[in-house]
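Labels for the chains are A, B, C and D, by order of writing; each one numbers its residues from 1.
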Amino acid sequence: MLPKPLRGVVPPMVTPLVDNETLDVEGLERLVEHILGGHVHGLFLLGTTGEAPDLSYALRHELVKRVCRQVNGRVPVLVGVTDTVFPESLRLAQTAEKAGASAVVAAPPYYFATGQPELVEYYNHLASRLPLPLFLYNMPSHTKVMIDPYTVRTLSENPNIIGHKDSSANIVYFNTVRHLLREREDFSILMGPEEALGEVVLMGGDGGICGGANLFPQLFVDIYNAAVARDVETVRTLQERVMTISGALYGVGRHVSSFLKGVKCSLSLMGLCSDFMAEPFSRFREEERSIIRSRLVALGVKVVKE
Amino acid sequence: MLPKPLRGVVPPMVTPLVDNETLDVEGLERLVEHILGGHVHGLFLLGTTGEAPDLSYALRHELVKRVCRQVNGRVPVLVGVTDTVFPESLRLAQTAEKAGASAVVAAPPYYFATGQPELVEYYNHLASRLPLPLFLYNMPSHTKVMIDPYTVRTLSENPNIIGHKDSSANIVYFNTVRHLLREREDFSILMGPEEALGEVVLMGGDGGICGGANLFPQLFVDIYNAAVARDVETVRTLQERVMTISGALYGVGRHVSSFLKGVKCSLSLMGLCSDFMAEPFSRFREEERSIIRSRLVALGVKVVKE
Amino acid sequence: MLPKPLRGVVPPMVTPLVDNETLDVEGLERLVEHILGGHVHGLFLLGTTGEAPDLSYALRHELVKRVCRQVNGRVPVLVGVTDTVFPESLRLAQTAEKAGASAVVAAPPYYFATGQPELVEYYNHLASRLPLPLFLYNMPSHTKVMIDPYTVRTLSENPNIIGHKDSSANIVYFNTVRHLLREREDFSILMGPEEALGEVVLMGGDGGICGGANLFPQLFVDIYNAAVARDVETVRTLQERVMTISGALYGVGRHVSSFLKGVKCSLSLMGLCSDFMAEPFSRFREEERSIIRSRLVALGVKVVKE
Amino acid sequence: MLPKPLRGVVPPMVTPLVDNETLDVEGLERLVEHILGGHVHGLFLLGTTGEAPDLSYALRHELVKRVCRQVNGRVPVLVGVTDTVFPESLRLAQTAEKAGASAVVAAPPYYFATGQPELVEYYNHLASRLPLPLFLYNMPSHTKVMIDPYTVRTLSENPNIIGHKDSSANIVYFNTVRHLLREREDFSILMGPEEALGEVVLMGGDGGICGGANLFPQLFVDIYNAAVARDVETVRTLQERVMTISGALYGVGRHVSSFLKGVKCSLSLMGLCSDFMAEPFSRFREEERSIIRSRLVALGVKVVKE
């Protein structure tokens, strides 16, 4: 079921919430179909975009079960199990495996910063206990730790570690990881920031975990396909569209949470799901919402909600 | 039961573990008595030194119940409820309240970095839902966020927020918070790093959350008492002892986890409790353990375990 | 003489030194010819790779005069005037203008960190006093300050500011700057890290300031030309060569200075110029030098010096 | 002339400027007498507060000569020679020695970040070439490098390195350095931030480099003397006054430069010297100036200028 390496566009799905401990079930179902309708190559639950660290375990387990049931094998489902509590990562992975997910994804534990040897131990221990194959997840802005390219190479020798998602935005880091693993054709290396999807695929990268694909899944799939086909002109044109979206929707408001709030607010305006956010964030208030609304309209997006 | 402000030495207790999900119950009981035997002014469970973010909730709840029962009102118990999952903080606080704890302590959520306005919202929301009064906890090295002194002042106006623990080690920050709250005699401001306990109490600070008080509780209490009595000579002499301990036991090994590993290893050698550590850390191996052993001996500490 | 925008490969030239205050004149002459022999599109003196902040002003002025005389209009010369002392930046720019250089380049002053409004004031003031057009230079790892993309756009409205060099390695930043200035076809946006040259030119970027072009100028020119021609296959193949060079030569030794030391050591072994380095660095000792030597041989490079 | 160790209050003098390359000579003379009138124990020229890295060398040399002549042995003069250009540090030290200064002070070179072994080499090389004894200067917020406590201890073995100024504000760092050098009674360890002067002297530290002593030199000398006399009550009272000043004058405006701008603006309003600032900063405009004015009045300071 899971291609090796996994290639393409794997959206990190937003988690639609009614409140702190309740899924927006209808919104969730609409969102899943909306994303799959864009012909994506997989679905990534419970990443940073999914607000995973802020969600209760009960809700995380429920989400995994519901989405896997709904997806029903149409695409591989990846489940984020990043956690500071080791046994909770395992329990979530067990639920993922039972529900039919294809792999799990884990960033380093994010309270205590670890050294590289500790990371090697941690990931090898984790992989040895997991019922599903593991993607590493480099997210230094949130975890305070960069998974060194040589650490990635070391860990890639573990047969249960099958890929790496890099959200550092550091292109030297990304290209170094790709270079060090250039002979490992079965190991997937995926770019986090959607603003660089086109170019890394043109250069031979495997694909991207694009947050904006919650909103516009087909756009990112089109970029991926154009890049695989080496159609530079189309990649440029579509990637420019991504930059326009990014500039319009992800930078409203003062905080680093602007991206998440902008995506959730847009989804709400598009009629897909609730924009409730788990603590410590809260949804955009009317002032920011009206900015997002007018920008969506300017982008040609149909706004169906107030 | 809880003095306002809380003053004195409130050790951040280590969590004795048999394995990932099991308390070292006997070690825990010995450790609690060892610490209380030092005439400390309170006990802080589930802080950074307690490895709280790495422990399963079941274990955290069990720890709170066991220790509160054992302490049985001899000193106020503070319970760390720092978490990325808001409802889990609440649930732990409810257990703490039922078990007889006096207050809870919360650092900012530590996956997503928040701005100061978001922190104000977060803490006010949290305090409004808690069954116990709240101490703020500034720990920027782990949470990536400094709780600005003006944010502390704003939050201090919430009647359910009664104190602040600062582990930044930034003395300008600490003194600025104290200055901004100089008229709030009921608000407790406690220093994290034990290396500065004596001087901040001499200057009028309320006390400290000293990790080394797991090992040598009376030493820190003696420093506190000498500082309250303005006995500068004794403060200097005893604080020098703290620096010697810090240099001997907290810097073995390569990683930032050296402090935690050194304290747990020392407790094990002193026969108090297990040195098992939760992921992502692991206890010192024999090489480092033998260094700690000889340093304890040099400090005049009775080593009773291999 | 200076195309607008400047496009292509503009190597940041190493500064060959005999000692702290003396140029290796013969080495310098050889190095200039070696680089120009690679058909580069310009030459950048006194950047980070040129160790500019560590060189005395007398030496910087002499270098500019010598190299401009030698280049004699064959390519545009850009001169780094980054400095914490404003009048010294101006004096160096005056020398550059008299010597026939085409433009100057300035990173933010690097002792005091500045806010974005201060950066706007600083750059506008600087540009108003300069006798040559100015390139901005984003180098946050060394200056502690990111020139915000919106700051770049604001500054681009100054007619004397004609381009931007970004050495942040942050691909989202780079693409955002390009997007914000997409209508400014006369404004040059150049990538610092050579590990990303090919892809950014494929995507429409103007070129790169590639440190490795001191060693292998033609390689980077070939990548640039292939990318302009949208020959994805060649770009990939040659860029892989760059990664191999980067892995072999830039990471020997423990310090962040490994890149600079590796390039100077390689140049020395290739018989081009001295490897003396200004304080606070020192050249590789024999141990590291022998590693570089064998790696150059493995890369097929002719080593002519011991 | 220079006591070993140097103890007491050594104000880091502001550099009064008419413009970018011209000293405010009359203001300078008034400021020197104002500071010496406070019975300080030394005078530190060309530190961070002195905007040294932004001043041309001609101006730095002139300042050293003028001030040394004026001070004429009344107190030891320390001269900052921090620079990215090694020979310029030496030249400035030679001028300092000829002018009669007692010592020089050097932070790590601040463009390229160095590792600890490189710092040891750099400082030993520098000390071996200097005509005056050297104080180390830890200023990680500006230099990006922490001089490790063990590096300080290693360097303290160089007979020409006689002290350490720490501006990190990290109290654990400061106390660790003091502890490691506790047997070196001839080695001076001075605290940068004035907000912690009293307590570190109470604990046995040697004194402070207090920026606010440009404004209120006697206040800091009184704190120092009270702390030496172990008069805890007076130390607390006066240190509270420092916090009030700090809160009133150092935090106006948005930028990290608020401290420098506030001090210079206050000096101008007090009729002592010009508030011109070298690039990249500029003096407070009327809006901020009027805030400073009213706060000075509230502090009971005589404002003599508009």
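Definition applied: a residue touches a chain if its C-beta (ideal position, glycine included) is under 8 Å from a C-beta of that chain, and two chains touch if they have at least 3 such contacts.
On a predicted model such as this, the values are computed, not experimentally measured, just so you know.
Visitor: What angle, rounded to the nearest 5°, describes the rotation that places the Cα atoms of chain A on chain B?
Guide: Between chain A and chain B, the superposition angle is 180 degrees.
Visitor: Relative to chain D, which chain's C-alpha centre is the most remote?
Guide: When every chain centre is compared against chain D, the largest gap points to A.
Visitor: Using mean C-alpha positions as chain centres, tell me how far chain B is from chain D in Å, no decimals.
Guide: Measuring from centre to centre gives 35 Å for this pair.
Visitor: Which integer distance in Å separates the CA centroid of chain A from that of chain D?
Guide: Between these chains, centre-to-centre, one finds 49 Å.
Visitor: For chain D, jot down the residues that touch at least 2 other chains.
Guide: Within chain D, no residue touches at least two other chains.
Visitor: Draw the chains as points, connect those that touch, then say whether the picture is a line, ring, star, complete or other.
Guide: It is a ring, because the chains touch in a row that closes back on itself.
Visitor: Can you give me every chain pair that touches, using the contact definition above?
Guide: So the chains that touch one another pair up as A-B, A-C, B-D, C-D.
Visitor: Across the complex, what residues on chain C touch chain D?
Guide: 20-21, 48, 53-57, 84-88, 108-115, 117-119, 121-122, 125-126, 141-142, 144, 254-257, 278-282
Visitor: In their shared complex, at which residues does chain C touch chain A?
Guide: Going through chain C, the ones touching chain A are 169-176, 178-180, 182, 193, 195-196, 198-200, 202-204, 230, 232-233, 235-236, 239-240, 243-244, 246-247.
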